[in-house]
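Two complexes are shown next, each including subunit A; its partner changes from subunit B in the first to subunit C in the second.
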Partner chain A sequence: MGTRTAIVGVGQTYHTSKRKDVNGQELINEAVRRALEDADLTLKDIDAIVIGNMDHFEAINCVDCWSVDGSGAFMKPIMKVTTGGSTGGTLGSCAYYHVASGLFDVVMAIGWEKNSESDTQAAISTCADPILERDFFGGAIGPNAAEYAMYMKQYGASEEDAAMVAVRDHNNALNNPYAHLRKHITVEDVMNSPVLCWPIKLLDSCPRSDGACAVIYAAEGRAEKIASRPAWVHASAVSHDYVYFGDYDWEAMPTLEATASRVYKRAGIVNPLKEIDVMELYLPFSTCGVIWMEHMWVCGRGESPRLIREGVFDMDGELPVNPSGGVLSTNPIGATALIRIGEAALQIMNKAGSRQVPNVNTAMATAFGSCYWFEATILRSGKP
Partner chain B sequence: MDKVAIIGVGQTRYERGNTKSFAELVYEVTRKALDDAGLELDNIDNVVTTTNDFYDGRTIACMAVAEASGSYGRDATNVEGDGTLSAFYGLMRTLSGVYDATIVTTHCKMSEGNPRKLFNQAFDPIYDRILGMDAISSSALQARAYMDRYGVTEEQCAMVSVKNHANARNNPYAHVALEITIDDVMKSPMLAEPIKRLDISPISDGACAIILATEERARKSAKKPVWVRGVAHCTDAYRLGERDLTYSAALETAAKKAYKMAGIRNPFKQIDVAEVYDAFSYMELMWYEGLGFCDRGKGGKLVESGKTQMGGELPVNPSGGVLSAHPVQVAGLARIAEAVLQLRGEAGGRQVPGAKTALAHGITGICGQTHCVWVLSNEEA
Partner chain C sequence: MENETTFEIQEKDGLLVHQGVIRVPYTWAAGEVASRFYAGLREKKVLGLRCPACKVVLVPPKKVCHRCFSDLTDWVEVGDEGVLQTFTVVHYSEPDLHPVEAPFAYGIIKLDGADTGMTHLIGEADIKGLKAGMRLKAVFRHQPQGNYLDIAYFKPIEEANHG
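Then we have the complex of A and B:
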């Protein structure tokens, strides 16, 4: 019933808003080389590759074919998967299923994006139905702003609660040499930053970055030989909402709840706050770091602001969230969610350097994109 | 590999200018595949859709077909590329032990776009796009290189067109079914030398879906299961100048791997029917060679021998192939669906009698950069 699978290598590029020093293939290659180096493997060891990004950000059709010089897929199997912002999660699960199927032993997932080559929000806007919703769907920020405005009204949360999440993630990024934005900030800095779409302000929001990430998955038998402490995949799950944004229940977040419930069930987790040691979450806005904790069953409805104020999700708290600095500090969209998986794996593998959380045995990574498409992965130091 | 079967298939009729939306097209084939398998959506726990933001003209194009494919409330994923690759990913998810039944969908409405510009976007943005390269012009280079090296003639390529367009007359889903002669092909307008109007596939709209199931689930299905015996894919170099355009090493690699899994030593003898991705007439000849149906450079001779016609030793593209219907990203999955119909004995007027082992083949990228080969059988391993 499926081959046991573990993550054995992680590589990422340095990220910045414009990587003018490399083209797309070179950017991809930078991550590929680092992942191979991390796992002490060569391209010969890789049996198959999966790659993903968002087409309209670079305007390259058939990226799986075009990227061969960078990915190393020459005369190897490669396929492309893509689901918008959640692409990185989709990539991780695709590589996992490659290995779990028993058909491939060592598989590399590559996520990448050169956002600097596109008008990101204009490209995102074309995800809406061309007849009914495209004219008034103004990119990714509006829905999340509306979501937090509703949450504040319902539960009495404040803009400062979200700002504390922004402060946590941004300041964690100071420990991450790969992070794009590395600057110490305070709650006042967030509150004084320009409003983008109320209540979301500039420092509540993710940047857009150029960068790539590669994660190597291996089958039981190989994994233990490649890595001294592999990160075993215990579960992967995904669900998405309706096609039309107008059909969503913005207060219920049914898809995040479904994904979290499913991944916990598959991994045998009953109490995520107690049983998970670290989370790398796809939080595109600080506001999501308030609301979504509840829909992931980490705490009850309306309780999240209190836990944030108590520091439960800080580096020295009970459940550290985003030691890497998260999406708020680094966001090469097609790679963003794969970085979450890679960072979660590094925490298990005890290779996260100065952002390492002590004694991590269970880690969770999430992805978010398209029609409230949530993916989640549970990694553990022990085999499933 | 554990046993996995295809237990349901559904196709639309392929045509240009279908007025249904993406979702309506995908709903049609999802419903057909479920009905074919005797299942309801409740029996499906995993969905793989296939989209392309260029061809679909919207970003995150998988959103447009999510509900129609039945993925709401289920684990779902999305592949960009030929449907044979989506099916392969569906197979891997089925083999993982997490899911029982997986539906794989793919759709195309190329009639709404500008295919030449969309394929131009697959070329290097700095060096090649400015030349106006597209599928036809690049394939003309490949056809010329292939014919020049091996002495394959335009008439031999035309024979593929005559054969496949005639076969299409027996396929109710086909877009372009024609009764034509070699002379008709030779006299059709030159598009990019040596490729003529009747050497190329049409721009087709349509959709296709298949349902993959674990052995346990397959044994309970309404139709006789068609077992996946071997499957593999492989990708060649990106730039045309870095490839041997006259022979597909990637196809040979994929085919050999799939054959090894399926226990096939002599493909020409052991395969009863093949559905290959003949986007251009010359391609079918090149794919014969990569698939090991004949030696290198002998594809022209093979079609000339009549052995790949209906009634021949190894009929290729009884459905009419891609030359008679080319919904991009759908066409490979349609090859699988056609192979399934053959192995069930449900292919109607295009049935190859007694077919037990079938091959389906798909390509992605410029001039067949990526190949995916499936070996299916109605007999268990």
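Then we have the complex of A and C:
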């Protein structure tokens, strides 16, 4: 398994729709400074950096070099990884690999995006095959809308079931000073919001945000000295595929099931509902918060709406999901999945402020991207 | 500027080639630092930021010193004249990319009071007579817009003729 590795510092920007006061490098710098401050480290302590975003959103393709002033990577090993929406998950994995390899002791992952700088949906559509699919899948909503329409038909779920997920995540964001959208909403508000791509409505959908996040990973021996309660990485999995949307096995969701199975096996988790204390999930639409719980083996097929109605995933429920407000409240795409890891780590480290879930010893974070790519991380308060 | 997508299919020997063009508008935030620099250019002033630790003045300014990582806030005005450190002459035209037609010269000019060089065009000059080390002066655009080309170019300073 390599060198034991823990998260020891987390920093993020106050996310918003447009950060006109800073350029991308300066936005990155804010997150980096906060992460260093959180870990009480200086730039000298950082041995290597991985950075990521989605190239098309800003049209800057050599971000690893261009961002050096902001990241502090001057004369340090830095490399870029970019995997669409799952970029932040991949960043976390790469930083973990760096430390686990034994070659680097302290490594910083940085995810960022300035979605305000371009047409996000047009850029996302460039992920689709240009000859066969791009005409039909402009942007991100279509496939997820089709997925939930299918689920409703198969299991008798309703649009209100998804709306309850939207209400949970949006209202949790009221406890998170860094969240982009912080407004109290009701199921009725969601149902009355404009339909974007049936059955997905405006309040079922993630926003586009400007923001950055930095997470610092450290090796055993260093980690305990840096943090009083490090968040130890117990498992990390990446599952990417490329299938045409029409070819995807929607009912089995193989990438999500494979990802969840791998991290549970590695971390020795048999019953995720009982054994995981909090989840920070990359749910770009409320509908995903219904269906994907089943593919993550949290409950059986068709059971998710009942658990949602019972409040199992609420802040005071058995398995709180997205105390931060999740992707529905904040979505600087290249940072989004790294924020999930950072928030999960903060929960373990007992530093999540008013969004803290009591007594967290095991936390899970996921990443989702483009053509049904999934990634996941399991963090614990104890060493692996 | 609006989104524009064009699409064309070409066929040769039974093989199809799908050719597409995607044009996507971007709105890049200059940020507070570059905004102030450009506002200065509009008033025919060149502004830099001084790094208190490295004791250098960065022109164009940046918010963070790339050498020591200090947060820079100490604004200074530098001269509109300086020394040509190096230059090149471009011999081909690229109308979509170049601001002027070839042949033209551009170089790196270290302004008086600055410690870093500024890349810019060299105008009103005999291209063949350019030499590193010569002194240049900024020529400002008549109607400034708040961008880099508010300095239209740098021109050689006539050496005082004592003859």
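FYI, the second predicted complex is superposed on the first by the 381 of 384 C-alpha atoms of A that agree within 3 Å, B and C clash if a C-alpha of one lies under 4 Å from a C-alpha of the other, contacts with A are read in each partner's own complex, and residues count from 1 in each chain.
As a convention for this text, contacts are C-beta pairs under 8 Å (C-beta built on N, C-alpha and C of every residue); 3 or more make two chains touch, one makes a residue touch a chain.
Quick caveat, the model's predicted, so the values are computed rather than measured.
Applying the stated contact rule after C-alpha superposition, one finds that A:Ala100 touches subunit B and leaves subunit C untouched. Once the two complexes are laid over each other on the shared chain, residue contacts for A:Thr90 go to subunit B alone; subunit C is not touched.
When both complexes are overlaid on chain A, the residue A:Ser209 reaches neither subunit B nor subunit C.
In the superposed model, A:His56 lies in contact with both subunit B and subunit C. In the superposition on chain A, A:Lys18 makes contact with subunit C only, while subunit B stays out of contact range.
When the two structures are aligned on the shared chain, A:Val68 is found in touch with subunit B and with subunit C.
By the touch criterion defined above, A:Ser381 reaches neither subunit B nor subunit C. When the two structures are aligned on the shared chain, A:Asn176 is found in touch with neither subunit B nor subunit C. Legend: residue contacts after superposition of the two complexes on their common chain; A:Tyr242 is shown touching subunit B, with no touch to subunit C.
Between subunit B and subunit C, B touches the greater number of residues of subunit A. Subunit A uses residues 56, 59, 68-69, 74, 123, 126, 130 to touch subunit B in one structure and subunit C in the other.
Across the complex, subunit C meets subunit A through its residues 3, 18, 20, 22, 24-34, 62-64, 66-67, 69. Contacts from subunit A toward subunit B in the complex involve residues 1-2, 54-56, 59-69, 73-84, 90, 93-94, 96-98, 100-103, 123-130, 236-243, 258, 262, 266, 369-371.
Looking at the complex, you find that subunit A touches subunit C at residues 18-23, 25-26, 29, 43, 56, 58-59, 68-70, 72, 74, 114, 116-119, 122-123, 126, 130-131.
Listing the residues of subunit B that touch subunit A in their complex gives 1-2, 23, 51-54, 57-60, 62-64, 66-67, 71-81, 85, 88-89, 91-93, 95-98, 118-119, 121-122, 124-125, 232-238, 249-250, 253-254, 364-366, 369-370.
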